[in-house]
Every structure is written in C-alpha cells, then in structure tokens.
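Questions regarding the structure given below will be posed in turn.
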Amino acid sequence: MSRRTRDALVGYALLVPSAVIFVWFFFYPLVRLFVMGLHQQNRTGTAERYVGWSRFGDVLTGEQFTEGLRISATYVLYTVPLGLVLGVLLAVAANRRLKGIKVFQTIFSSTIASSVAVASVVFFVLLNPQIGYFSSVKFFSLSDPDTALRGVALSSVWQNLGLTFVIVLAGLQAIPDEVDEAATLDGYGPVRRFFRVTLPLISPTLMFLAVVLVIFALQAFAQADILTQGGPVGATETLVFKIFRSQQPIDQGTGSIMALGLFGITLLVSLAQFLLLERRVHYGN
Amino acid sequence: MGTELFQPTWKKVAWYAVLTALAVVILFPVYMTFVRAISQPRAYVLAGQPPWPVHPEWDAFSRAFSLGDLGRKFLVSAVVTTVIVAAQLTTSTLAAYAFTFLQFPFRRLLFYVFMATLMLPIEVTLIPNVQTIRSLDWLNSYPGLVAPFLATAFGTFLLRQGFRGIPRDLLDASQLDGFGHLAFLRRVAIPVTRPVVASFAVIAFLSAWNQYTWPRAVVTEGRWETVQIGLKTVTATTAEQNNLGFAAALVVALPILVLLIVLQRQIVRGLTAGAVKG
Amino acid sequence: MSEVAFDGVTKRFGEVTAVDQLTLDIADGEFMVLLGPSGCGKTTALRMIAGLETVTEGTLRIGDRVVNDVEAKDRDIAMVFQSYALYPHMTVARNIESPLVARRFHVDADAPPRKLTAAERSERVDQAARSLGLTDLMGRKPAALSGGQRQRVALARAIVARPSAFLMDEPLSNLDAKLRAQTRIELVELHERLATTFVYVTHDQVEAMTMADRIAVLNEGRLQQVGPPQAVYERPHNLFVARFIGSPPMNTVPGTVVRTDTGVAVQLGGQRIDLDPVAHEPLADGTEVVIGVRPEHLAVDPDGQVKAQVRAVEWLGHERLVVCDLAEHHITVRQSSGAEPVAPGDVLALTADPAHVHLFDPNTTERLN
C-alpha cells in the first residue's frame, strides 16, 4: 500500500469517532426534525399520519412560536446590552496597575464558576416572591407577568458577567501601551481616550462577545425553569422552554418545527458572526 | 490605561473605592445565598430576612449531602464530566490531527461538515435526541447523559489551531526517526501544544459540569440527577428546608471556583480563544 | 555507506513538475552538493532520497536497493533540516536519542536487526554529543540554545544512527556569516571523519564550491551540469551554469563570429574580440553566439581591442569591481585594489584572456567551444 493511500486511511480512521457522534446526535436528528414536523403522532406515539409542509407555516406563524420568539427576543434585549456595558465597565476599572489588582480581577471573573442553575438559585434567594430579599422591588418582580422576564434576565446578566469581563479585559490588554501613550500625548483626556481610542480598538472583541451572548440568551431555559417555571401565566416561557415542553408524542411535530425555527435564528446569528469575523480578518491585514 | 504608574495617592484610593464597590455588588448575591444557607429558616423569616445570618447552623452543608442526597448527585456529575472530558479530548485530538497532518480526499469538505455541528446546539436537536435515548432505553443512565457530548467540533477547531503551529519539518523528522502518526501525535504534537490542550480540557470540564438542559431532559429519577438538576429541587422544598438547597448551590459552584483560581490562565486562554486577536 | 542513484527520476505535484528526468549517480562516500536557485527541484530531489516524497517516475536506488517504495525509516539515511526540526519540548539528549528509539539496527553480526537497549542508546548519544561538543548542553531544551548550538544538535541527531548517507537541506542558512564560514570547515572535516555519502542542498554557490566533491547544478527541475567545483566553474556547460556560478557573475554579451584570414574573432556591436583560432575551429562565419568572460579574465590593457566606458566603481577592500558599458550591456571587470585608479566616465581598453573565453549558442544556451 502506498504511503498516500495509507495516510488517507489513517485520516479517515481518526475522523470516525467524532463522525459517529456527529451523525448520530447532530445530523440525523436534524433530518428527524423535518420528518417529525411533517407528521402528526397520536397521543401515545403508536401511530402517525402525514400532515405536510403546510404545518410549518402554521406553527412558525402560530401564537406559541411567535410568543416564544417574542419572549426570547426580549430576553436578548434585556441581557446583551446590559451585560456588555457592565462587562466593559468592570474591565476598564480593573485594567490598571495597582497593587492587589489581581484579587479584584479574580472576583470580577468569579461568576464564571457559577452555572446557569447555580445563578438561578442565587437569584431565587434574591427575587423569589415569597422569600426573596428584593421581592418587593416592582421593577423586576417575578410575580408580575410584565416584569418577571427582567428578573430572570438579571440572573443571566450576573452569571455571564465573569465571562464578559474576562474577554473584554483580554481585549483591553491586547491594546499596545504605545497607542494610549500616543493618545495622551495628543492631549486626549481619559474620557475622550476611551471613546476615541479604546472602544474602537476593542470593538471586534465586543462584536464577538455580543454574538456569543445572543446565542446564550436564545438558549435560555434553566433560568426560567428554576426561577419561575415559565410563569407567571407563561410570561417567561422562552423558545427553548416551549420546545422542552413539547416532548409528548402529540406535541412533537409542533415542537420540532419550533426547534427548526430556533435553528434558523441561530444560523442567522452565526452567519452574522462569520461575516463580522471575516471583515475583521480583512481589517487585520 | 495600564500605564499610569505615577498616580497621586488620592487617585489610587479612589480607584480602590470604585473597585471595592464593584466587588461588593458582584459578590452580594452569593453572600445573601450564604446567609440564607446557614440561617435557621424559620428564625430568619421571623427576624425579617436581614442581610446577615440568623441562628447560624453550620451543618447546613453536611445536611445538604445527607438529606438532599448531594453525594450521589456529585458522583453522577463527576462520572458524566470525566467521561465527557476524556472522550472529547480523545475524539477532538484525533480529528484535529487528521485535519492538520494527513492528506485525504474531501478533507476540506469534511472539515466544514464537522464545523457545521457548531450551528446545532442541543436545544435545537433536543426532541429527536431524547427520542433516540429513549428508544435505546438510555433514559436515567450514564450512556444517556454523555452520548451526544462525546465529540465536539469546538475542540477539533481549537486543537487544529494548535497543531497548525507545529512546523511540518517536525513530522518529517519524526518519520525519519521511524515513528508513525500516532507516535508523532503522542510524542510531539500533544506535548508541543500542551497549553492549547489544557485550555480545551478546562473549557470542556466547565461546560460538562454546568450542563442543565440535556440532563433535565433525559433524567426522570432522582438517582440519576446531576448536581445542576438537583438544584431545581430548591424550588419544590418548603421554606423550612430550602436553606439546604442554597447550601447545595454554593457547594456545586465550589469545584469550578477552585479550578478558576488555580487554573485562571488556562481558563482565560480557553474562553478568549477566537475572541481576541493576537 | 552507500551510493545514491537517480535514474530518470521525475516528481510531479499535480500539474507542476518539480524534478524532470533526473539521472545522477552519487558515489559512495562522496560529498555531493545539489545547487540551484529556489524552486529548482533540489530540495524535492533530496526529500525523495529521504523518502519524504514519493517518486512519480523512474527509479531511485540507495546502495543496491531500489527504494521507490521503501519507507523513510527503512532507508538508513539521516537528514538535517533547514529549520533543524528539533523537538522543542525535548532536551538535547532526548532529541539526539530520537532516531534510536523506534528503529531497528544491525548490531550483532549475522543476526537480524533489533532495537537498541537503553544502555546502547545512551552510549551512542554520548558519543555523538561528545564529537560535536554538546556534552554540557544535554539537559537543555532547544529554546535555550544559540543558533549554532541548535545546528550542532541537529548534526548530532543525524550522526547518532550512523546512517549510510547524510542528507542536508540548507543546514547553514540560519547561521550568521561568521559561524557559517566556520561550520563549512567543520562539515568538511565531519565528512572526512565519517567517510560517508553526503548529499547537501544549497542555493549558496560559496558553500557548494568550498565543500563539494562534485556539484550538481539544477534549474527548473532539470540537471544542468555535474562535476567537480573547478570544472563547473571553468567549463560551464550552458549559459545558466555560467551565470549562476561565480560572483560577480560571468559577463555575457551576444555577438557574431567573424572569420578572417588572420583568425577567428567575435564581433560585438562595433568592436571585436579575437579568439584562440585552434580552439574555435568549427565555428562558421556569421554564427550568432553569446560570448562569456569572467570578471577576473578581463584586464585593462592599453593595447586592448575592446573599449568600454566606466559606469561605476565598487571598492571592496582587497579588490574592486569596475562596471562598464559595452555594446548596450553591463560588464564587470575585477581588479586588485592596487591597480591604477579609474573613475566613472573613463574609457578603458580591455583585453580578454583568450584561454578563458566561453562561447554559447544563444538559442540552445549550450556551450560551443
């Protein structure tokens, strides 16, 4: 056997373990989503009949999906901008040469240690309508359908703060000292320097971070599951929450189509990220 | 920003004040959870839920283990996390090696196919995947908890980036020395890219330990709950007992917090991979 | 110890032919330098000997074995890479030991090859390290070594397996000029000590001239000429070799052969250079040629037939180069720095040493005389 043939065989062999998982749990289920979307099962999952593509339109314009999408989109709006601003604030505050700054940097990044579930329990302590320390604050009260999502969002913002801080700080530290020194020599004050020099230079990092946070927010489930169980009156039922609840045979068709809707949205966001990264590469060169 | 070496003292003091205030805000939720975890629940409510402990009961943490069966949950989480991290390291390393050092037809195409899986989060494929697990009778089992996470395109991508930094000459030299591909991988490629491998391992650990949606979907018996799913019981317990749930939440975060402090460099490098140029 | 023989060897990468019909015999114990500009196929030829590239056509032999399908590790050769290819995470000792770990060696007479024991390995490693003065550096990693030290480690790693042929791919190109000159001498000494075949790839003609037993000049995948350095320098087979070897390069100017009653000459524009009549018998009157004369074979002579105007003078200390315009070409004259001063604008009368005039066919670029 020639070396070329042998190398090719070794190559394929090394891909097999990953490929098995990817086909089994990524691509096959993707196909299944379409198949399940096209069929309606009975209550016990023992029989199914073809219902056709028309249901895709019905579901994607139906109240369940649009409401879930509205809630998820609102969740993105609540978590992403606030998370970014706070992350930049923390990073700028902690990016200086002071004795003991490492301690502060560790504290600021500490919420990385918190899972979504842990963050949700921690905010359960603060916001739970019965026992919460801040349960009387109307603005993010979990007992009011109009404000409950804000409370849930707060836990996400806190939980992602560590990650946001770490990434923005790395972005700030990648700026050469000379750039700031040059700006100082040009007579820029600290505020101007931040908006004219620092912010533009870390904007690619912020773009990346924004996309990551958007995807996180679109996948939000545990927060609502623990803090509100989707309530009150469904006000915190995110898209994933609704998909999660559609696992009974009779709901699977609808759930599958909603999952494909979520896939489409994730794809768009990822595409946006890809285009932004491409552009960044071009700027870089 | 980082260059202000000669600052007046008052400015330094002001910065310390700002930093301290921010630290307090960030730590406050954890502090309150801690207060609630160690306070005797009824006494705490009667005292008007103050921001300090009331009748502290330090055994809340140990009782969380005995009453809440936290030990069993820790075991499940530990097994699941270990298997996932080990498997992801293996599968990603092998695939990344193939994509970097071996020539074969459709290499580029297959790489893109692999990367496409990054667009398919478990939330999207949840319904059919749970069905698969159910049909295999893997609900409430280790195989069911780990199967979809035995490989990850993120790891393949990250390790390939690392491997691409290895000069081609090293592979040639290794072949002249009589070593095959697997020996080169073990003797040279992995040791040379150890920082990248470490970063990926840490990230894999973090995401495996912190998983929620998937175990919530494939576990219906308390015995098979991971620590994260176990935390949900806090919402179901009575006000008299929920301090144990809060204690549990703190304990669950502890391994990662320790990891974060010990391996801060690797974590930061792993998290910022791709985010910051250079 | 082995000879290496290319017989009509071609290497193609897709559409690109890197080595074209190469036939070359490298004798046992010879120091052969493959010389040529980048992209000429010399490294590809070397990598085929090593077994790092496959042979597309033709046969390649090492010793009496056809090795086209023999794996790199079974070819009994060692290679020094341009980048040295040291394993960055291993100590010097482990780097040197690497070729001994996995391969089998003929150690015991009449017994099949076997793996070396740890003791045998460490003895060989120590010996190789000692011969290259690396004994004190054995515990260091490559990053903690100077460029020269790294180069020595690469050499030690090559000699440790006692191969039958050494392949070297521009091993000096990462050294500074002074170290390079010193290492050239050491490599020649190493070759004498080991008495083994060396195949050495370089684009640097100084390395080729100073070290080679024979030079093989390659261009665009084809062998141009093989021979001892002096022969290649003194009788280049074609215009490429004539221009590639020698610094500054040979002056080459197109002209026409003129036969008269008194002898043979070449007409260059309005001027004429006489040729040695015996040596140029076959050239017919009116033949188009390219005439080549090395800078050191041109001399300023009041009786010189050729007039050229000085354009620039480069003073190099021990000599100087006078660049002149001649028949719309630049020619360079090499003079000792003690010669009579000249200045730009001066018109010089030049003579060419008739024994060192080269004539080439402008179409085939082949040598005519």
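For reference, chains read A, B and C in written order, and residue numbers begin at 1 within each chain.
Methods note: a contact is a pair of C-beta atoms (placed from the backbone, for glycine too) under 8 Å apart; a residue touches a chain by one contact, two chains touch by 3 or more.
A quick note: this is a predicted structure, and the numbers were derived from the prediction, not measured.
K.L.:
Could you let me know which interface, A-C or B-C, is made of more C-beta pairs in contact?
P.N.:
Most contacts of the two pairs: B-C.
K.L.:
With centres defined as the mean of C-alpha atoms, identify the chain lying farthest from chain B.
P.N.:
Most distant chain from chain B: C.
K.L.:
On a C-alpha centroid basis, what's the spacing between chain A and chain B, in Å?
P.N.:
Chain A and chain B have C-alpha centres separated by 15 Å.
K.L.:
What is the distance, in whole Å, between the centres of chain B and chain C, each centre taken as the mean of its C-alpha atoms?
P.N.:
57
K.L.:
At what distance in angstrom does the C-alpha mean of chain C lie from that of chain A?
P.N.:
Each chain's C-alpha centroid was found; their separation is 61 Å.
K.L.:
What parts of chain A, by residue number, touch at least two of the other chains?
P.N.:
As it turns out, chain A has residues touching two or more other chains at 4.
K.L.:
Along chain B, where are the residues that touch chain A in the complex?
P.N.:
It comes out as residues 1-5, 12, 15-16, 18-19, 22-23, 26-27, 29-30, 32-33, 36, 45, 49, 51, 90-92, 94-95, 97-98, 102-105, 107, 110, 113-114, 117-121, 123-132, 147-148, 150-151, 153, 156, 181, 206, 209-210, 212-213, 216-217, 228-229, 231-232, 234-235, 239, 242, 245-246, 248-249, 252-254, 256-257, 259-261, 264, 267-268, 271-272, 274-278.
K.L.:
Please name which positions on chain A make contact with chain C in the complex.
P.N.:
The touching residues are 2-4.
K.L.:
Using the touch definition up top, name the residues of chain B that touch chain C in the complex.
P.N.:
167, 169-170, 172-179, 183, 187-188, 191-192, 194
K.L.:
Help me check something: in the complex, which residues belonging to chain A touch chain B?
P.N.:
Those residues of chain A that touch chain B are 4, 7-12, 14-15, 17-22, 24-30, 32-33, 36, 89-90, 92-98, 101, 104, 106-118, 120-126, 130-131, 133, 158, 161, 163, 166-167, 170-175, 177, 180-181, 198, 204-205, 208-209, 212, 215, 219, 221-222, 225-226, 229, 240, 243-244, 246-247, 252, 255-256, 259-260, 262-263, 266-267, 270, 280, 284.
K.L.:
Please give the residue numbers of chain C that touch chain B in the complex, ascending.
P.N.:
Result: residues 47, 50-52, 72-73, 77-79, 81-85, 87-89, 98-99, 101-103 of chain C touch chain B.
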